[in-house]
Amino acid sequence: MLEVRFFARLREALGQERLSLPLEAPELTVEELLCALDAEIPGARAQLTAPGIRLAVNQAFIEDDALVLKPGDEIAFLPPVTGG
Amino acid sequence: MLEVRFFARLREALGQERLSLPLEAPELTVEELLCALDAEIPGARAQLTAPGIRLAVNQAFIEDDALVLKPGDEIAFLPPVTGG
Amino acid sequence: MSASAVLSVAVQTEDFALEDAFRRLRQAAPGAGAEVAFVGLVRDQAGSVASLTLEHYPGMSERSMLAVCERAAKRWPLLAVEAIHRVGTLGPGDQIVLVLVSSAHRHAAFAGAQYIMDAFKSEVVFWKLEDRDGEKVWIEAAPSDHQALTAWEETSGEGAP
Amino acid sequence: MSASAVLSVAVQTEDFALEDAFRRLRQAAPGAGAEVAFVGLVRDQAGSVASLTLEHYPGMSERSMLAVCERAAKRWPLLAVEAIHRVGTLGPGDQIVLVLVSSAHRHAAFAGAQYIMDAFKSEVVFWKLEDRDGEKVWIEAAPSDHQALTAWEETSGEGAP
């Protein structure tokens, strides 16, 4: 399983806060995850790849697109914030 | 009259906190004041001209030795302090 | 430099009492000569903001805050740090954030507090939903600026927006 | 820049309550987004200081403190400043000084508070009498250094202390 979380504007746009995704392969790329999420929630891909959205895996920011997700990972999509 | 004030270590060394000095002339130089104080309190001049002692007239620091005091002025001798 | 600094971070909906925070800081590390506190408040900009709702990523926000405090305690000789960030719905004048730092020396306390607050602003994620006269708006770093820039790139050489 | 900053200075023997000081600051100038507080405490250096007695020049110290706060309020857009310095006899851990500053912006609040505290240290006169195991000592800026320098000047060219 993979835990996926959405916050703030994304949570509202996608209509959910979290979602557990069964992992069939031992690994998943971010691209594969986006496809799976778009199948689950139509239009999710466009929302999740909009400018400014950042990814965190296991509660740490990830800048690397070549990232590979493993079972038990928690991946979060974080909309931009103001510096306040 | 001239109000003269001593603080901290000087107050202890001279055995008094303040003193009112009659002013006969309309003006008094600092040098004349020191003579008058030394006559009043033996040894005062050495204490009051020790390194680090600063003068304040009417509660403002005075750097100018050519200062002239007038009736009603309050002059204070301030021992050095630490920056803490 | 001071691996022994006592660090405490919290994200909470409840308000915080300043007197209590200073007392905890002193109990955590007695003997300080200097304390610096920063308090952030909800500003009422010409009465336009009725309320502000802050959302965070529980776990990740505390972890980021702690990482910031640890870096500060390595860089300056801090004795203790207490940081509290509020989430939930807040009104104008409400306290949002507290950064409280103690040290033997005042320059370290000032530098540590300012560094922590600056790093919180740039590294710790809190989303803000403003209620402006009934209209709820997620506050994001000027997306219009970002779009304007993208538009320029896409149309470069064509005389642009 | 902000001739309208509300400034309050006090020299007192009584302790100050931090919660009260923040409340007064907010009442003096509502609408701030940032507050910075500096608290100075009597340090207990290896238990050698039993007590510290602070003396000031009533009138002159308040006047110097106010002048410092006015300069800070001209230089940064401060909304309010509350400064309290204690005099009299204090023990280890006791609060000596509070500088509390509010502004719309955090960098102004930090800069203002730090400037005021630095200027207090160099411009406002407080004499300190330390009680070290029963021996009372006036704390002065290392007079030995000054004497050493004077000695060098007097004996220059003779190979010195």
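Per-chain numbering from 1; labels A, B, C and D assigned in written order.
Assume contacts are C-beta pairs under 8 Å (C-beta built on N, C-alpha and C of every residue); 3 or more make two chains touch, one makes a residue touch a chain.
Everything numeric in this text was worked out from a predicted model, so none of it was measured.
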Chain labels contacting chain B and also chain C: D
Between chain C and chain A, distance of the C-alpha-averaged centres to the nearest whole Å: 25
Separation of chain C from chain D, taking each centre as the mean of its C-alpha atoms, in whole Å: 27
Distance from the mean Cα position of chain D to that of chain A, given in whole angstrom: 52
Chain A and chain B, separation of their C-alpha mean positions in angstrom: 76
Set of chain A residues in contact with two or more other chains: none
Interface hub residues of chain C, defined as touching at least two other chains: none
All touching chain pairs, where touch follows the definition stated at the start: A-C, B-D, C-D
Chain A - residues contacting chain C, complex: 5, 7-9, 51-52, 56, 59-60, 76, 78-84
Of all residues in chain C, those that touch chain A in their complex: 55, 57, 59-60, 63, 121-122, 125-129, 138-141, 143, 146-147, 150
Of all residues in chain D, those that touch chain C in their complex: 17-19, 22, 26, 30-44, 92-93, 104, 106, 109-110, 113-114, 117
